[in-house]
Amino acid sequence: MKMKSLVAAACMALAGTAALADGHGGKLKVGMITTLSGGGAGLGIDVRDGFLLAAKGSDMLDIVIEDDQQKPDIAVQLADKMIQSEKVDVLTGIIWSNLAMAVVPSATAQGKFYLSPNAGPSALAGQGCSPLYFNVAWQNDAFYEAGGLWANDNDIEKVFLMAPNYPAGIDGMTGFKRTFEGEIVNEVYTKLGQTDYAAEIAQIRASDADTVYFFLPGGMGISFMKQWAGSGVDKNVMGPAFSFDQGILGAIGEAALGVKNTAHWAKDLDVPGNAEFVQAFQDEYGRLPSLYAAQGYDTALLLMSAMGKADVNDQDAFQAALKEADFQSVRGDFAFADNHHPIQDIYMREVVKEGDVVTNKIIGVAASDHSDVYGAECKM
Amino acid sequence: MRRETILNTLLYLAMPVAAALALALDEPFLITLITRAAIFALAAVGLNLALGLGGLVSLGHAAFFGIGGYAMGILAHHAQTYTPVIDSWIVLEGTKSMPVIWLVAIVSSALAALAIGALSLRTSGVYFIMITLAFGQMFYYFAISWPAYGGEDGLSIYVRNDFPGLNTLDPMQFFALVFAILSAVLWWMGRLARAPFGLALSAARQNAERVETVGLGPFRLRLVAFVISGAVTGLAGALFADLNRFVSPTMFSWQMSGEFIVFIVLGGVGRLFGPVAGAMLFVLLEHLLSPVSDFWLIYVGAILLLVVLFARGGLIGSLAGREVAHG
Amino acid sequence: MTPILLIEQVLNGLQSGITLFLMAAGLTLIFGVMGLINLAHGSLYMVGAFAAAAVAGWTGSFVLALGAALAAAAAAGMIIEMVVIRRLYDRDHLDQVLATFALILIFSEGTRWVFGSFPLYLDVPAALSGPVTLPGGILYPSYRLLIIVIGLLIALGLFQLIARTRIGIQIRAGESDREMIAALGVDISRLYTIVFALGAALAGLAGALVGAIQSVQVGMGEPVLILAFVVIVIGGIGSIKGALVGALLVGLTDTLGGVLLPLLFGLFMDPSSATTIGSALASMSIYILMALVLLFRPTGLYGGA
Amino acid sequence: MAEPMLHVDGLQKAFGALQATDGVTLTLMPGEIHALIGPNGAGKSTLIKQIAGGLAPDAGRIWFDGREVTALGTPARARAGLGRTFQISSLAMEATVLQNAVLGAMGRAGSAWRFLRPVMRDAELVEQAQAALQRVGLTDHAATRTAELSHGQRRLLEVAVALTLQPKAFVMDEPMAGLGASGSKRMTSFLDGLRREAPILLVEHDMDAVFALADRISVLVYGKIIATGTADDIRADPQVRTAYLGEEDAA
């Protein structure tokens, strides 16, 4: 592939300027680029706090944290800074696919490991995969594919799809359609950042769908769910976990009750270490951990597990150590596929009320040992 | 020499000197940071022609910055994947050659400026501000929802484009290239302000009736200024995309347009080196303040507010005196 | 598409137009009287929504929440008018743009500092949470109907305020001739503070009303602000009537464009590309509307020469 | 008889119910000074704006130098050779006096579309500008910022800028305003000589100057021209006496 040789050329050219990184004396320098200000800061803060919680009490990691403001150009600049000035060994932290696409290819081309605690764009799982890139969260399509599988098993026949008109939205719906065997009655792509869904809800009401499956991240999902509850339309609602995570449920409230959503983690997941993680996180930060916090936590655990086995300066050995994924994930069984993306169970969760708190409860497994479909295109 | 001339010389030399120091100290990231400031300065120098000399407060210049960025992104993307840009009755190949990319960036942003300007310049004052802002948003939403070139994800270009005889991936060499362009544009803008066109444009800002009465049409003067201004900002956009090896719709965002105005006002409105001083100061603030607090933008806001309210004339105005140079 | 669905979409367009009007009315009033362009108007919308969410969370009363939104936004408006805005009246538009841009940064990050980064909870009151059946069998959310009614009442009230009351006379005088109101013996700085606070209160009310069915989060004000600018450009700066007509036009175009354009393209394209191209064009539709209005009426529909 | 340089025929302009210009017809012949007088609010400024191109009439036509210019804008009429000065000085206040004059010279050369060479180093333009400044006696102030000029000096600069255009006719809106007695006198004698170069349509309040200079006088009242004639004709016209001069006498 020609792309490969270009990347190799970039690697060689940049290696000349990015001076040799060594001599940390058993310590490993981690650069975390994440979103700590602006509208999307909640996710970045959770990833950071989860990561720091896992690293707490250990002196193995030397962590540099910077705020990307959810802007790709800032993220690129910070990556350059961490590689060129801070001389970090490993990068992590990015929340958004578009920022990951801006940073990851050039970071791995410069010979740095990158561990993704959230975003998993398909390009990085397929043709653009790299031996130095490990996704500790999910490939972007995973929750959607699991949603489609669960729908097949639960007598859902006619689905109305809705997502924002941008790559993550379109990819998500494509993922659902890949596994779902019933009928798609309509697909609607809304404006990114749209806050009023009256028009879409009217369309849904008029359709003969039995279920709405949607992906609307952040404020968009909050707006939709509140307006949905006020519309009185009686159809099943499903989606990936991103619209129903703890931080968001607090803002939607009871309007979200009964919604089914897919995720690889929940705070009530009964696997070793999870209850302790949830408790420790609450003790440390005074709030419930989110899925992002869990991913940040796992990312740090993975990194420290590999450090016990290999030196980061021995790239091949360190890569192999990471690949083993020899750590106790709060998600339970966790392994890497050949494209360094997770093989893991995806659960179906339902939004319920526990006391005064609206939260998620696991109701079943949507997909066992799920991995993504892009691995075949990955040649490393 | 006047104080402003001395200050301009110092500002101008500050960038290459700082870059050389960074090279000597083996801090290549600082060179990248200076390059970033130089590119922002170039974008704001472009806007300053319309805003400072022409009095046209455009809150939509991010549109041209973004178009320049996408000119680079689209051409390089096609060159990288060996697919033609247009493949119908005419076949147009992508390219990795910077000069060609720059030309395309300049021409396409100039055309966009012609269309936006022809509509917006029918109005003035607050209308003009709001309309340019709205057109900028139009491009932003279009870039996000148009799927062909990555939509919101943007486009990654894995290696910088080529310039004959240079290794553009070397921070110092890329900086030198950007600095040369900035110098050339600054030189031209300095000349332009004193050329017949500059005099007429500046007179049209001060008194449109006067310019009409001597037989010159202010609308055409402003439109041409807007087009040149958009083209320069577009060129900066192409360089910015190359600096990051990445282009995305955030280049079109209205905050970007706001930041360009911030550079100009921080540095000093209507001064040739105002945007340069402003961009350097802004990048420096960003670099120094963001580690201090998660809420560092509050400080930026406060500083900006103080400058607008109490330090009119910006950095250069405060250091070199209020008088704006003429002739 | 059935006629019933179409009517429902028209109602939706009206409702989004009405909320835009609440934003645009304040902006256009402030510009008309003081000649000030205020980018921070969206921040006042956000202040209203956050105040409502905080008070609703505290007391559980939606009415109190709306009151709090009005009061908080008006107070925030008064404070920034007296501390910052007042120094900008005799400055050029550039300084006004910059200073109010700075205010956005301060408000947004300040709100995040106080309330945290996650969206806040604010819901419609239980009594209004369901739909009502309109003549013709149209099911429509009762809360949205309430927004339409409140918005129209406020529009009516504003017209009355400006046509009938003393302060309205002063506002009109201020729009036509600033020196005249000084000659009339009106305390200008007090008038300006009142007008600014009134505009801010309207924005805050809009934020609270909309916050109950949307997401109460930092940065929620800016998209609305830009739409409100489009409204004002279409309606004509300084005209309340223009703001109302412009807001309804924008609301309807945006809503119906999003629904109808993909359908239109579906007539001669395959469904998935019709959806993407239709949606892409729909997101630009209001700007195209604005450009068309400008071509024929550069000062907007109701703008002065 | 020679062709008129400027010919206005049946001009109409209304603002709502107010008929600001009501069927105005007038001519400006080569070599003459034609004064337009009338009480405040008679519609003189509105008429001047229509003649100069800043305001489109509702009806009527305007010919200048033998061709119809009704549809042309201000810049086109200026290029056709119509030089204008304003009642309230209309100058680039931040620019120097010389720069304002050079701007006029540029207009005449039609040369704003040059982007490189400094305009103040264009010997030809600067020479024309200096010549115009010299004629109005502003040479010593060439490097002064326009905002620092006195009101009287600004009037002179207005005239100088109009001169750089080497126009075929002048339209002057109250060039004497704010000049003071001696300045007025100097301006009067200057305009007296200028008419040989190009005819002048002169709006003026200073009646001494008007009667001293004007070959013909037209009196505008409520948008209508009620009389046109020589100074003596106008002094003798009973309609004018009641409508206009009557007030002056009483004052």
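Here the chain labels run A, B, C and D in written order, and each chain numbers its own residues starting at 1.
To be clear about the criterion, contacts are C-beta pairs under 8 Å (C-beta built on N, C-alpha and C of every residue); 3 or more make two chains touch, one makes a residue touch a chain.
All figures in this text were calculated on a predicted structure; none of them were measured in a lab.
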Inset, instruction - State which chain is most central when centres are taken as means of Cα atoms. - result: B
Legend entry - Greatest separation from chain D - chain, by CA centre: A
Inset, instruction - Averaged over CA atoms, how far is the centre of chain A from the centre of chain B? Could you give it in whole Å? - result: 35
Inset, instruction - With chain centres taken as the means of their Cα atoms, state the distance from chain A to chain D in Å. - result: 74
Legend entry - Distance between the centres, which are taken as Cα means, of chain D and chain B, whole angstrom: 43
Inset, instruction - For chain C, jot down the residues that touch at least 2 other chains. - result: 108-109, 112, 276, 279-280, 283
Legend entry - Per-residue multi-chain contacts in chain B, two or more chains: 141, 144-145, 147, 295, 297
Inset, instruction - Give the residues of chain A that touch two or more other chains, as numbers and ranges in rising order. - result: 37, 41, 165, 170, 189, 191
Inset, instruction - Could you please write down every pair of chains that are in touch? - result: A-B, A-C, B-C, B-D
Legend entry - Contact set on chain B toward chain A in their complex: 26-30, 32-33, 36, 80-82, 141, 144-145, 147, 150-154, 156, 158-159, 167, 169-171, 240, 244-246, 248, 250-251, 290-291, 294-297
Inset, instruction - Show which residues of chain D lie in contact with chain B when the two form their complex. - result: 52-54, 73-76, 78-79, 84, 86, 90-96, 99-100, 102-104, 106-108, 110-120, 122, 125, 145, 161-162, 164-165
Inset, instruction - Using the touch rule from the top, collect the residues of chain C that touch chain A in their complex. - result: 2, 4-5, 8-9, 12, 15-16, 108-109, 112, 116-124, 128-131, 139, 141-144, 210, 212-220, 223, 255, 258-259, 262, 271-272, 275-276, 279-280, 282-283
Legend entry - In the complex, chain A residues that touch chain B: 2-3, 6-7, 9-10, 13-14, 16-19, 36-37, 41, 66-67, 71-73, 76-77, 80-81, 83-85, 97-98, 101-102, 105-106, 109, 121, 165-168, 170, 189, 191-192
Inset, instruction - Under the touch definition given earlier, write down the residues of chain B that touch chain C in their complex. - result: 51, 57, 59, 119-120, 122-123, 125-127, 129-131, 133-135, 137-138, 141-142, 144-147, 254, 258, 261-262, 265, 269, 295, 297-298, 300-302, 304-305, 308-309, 312
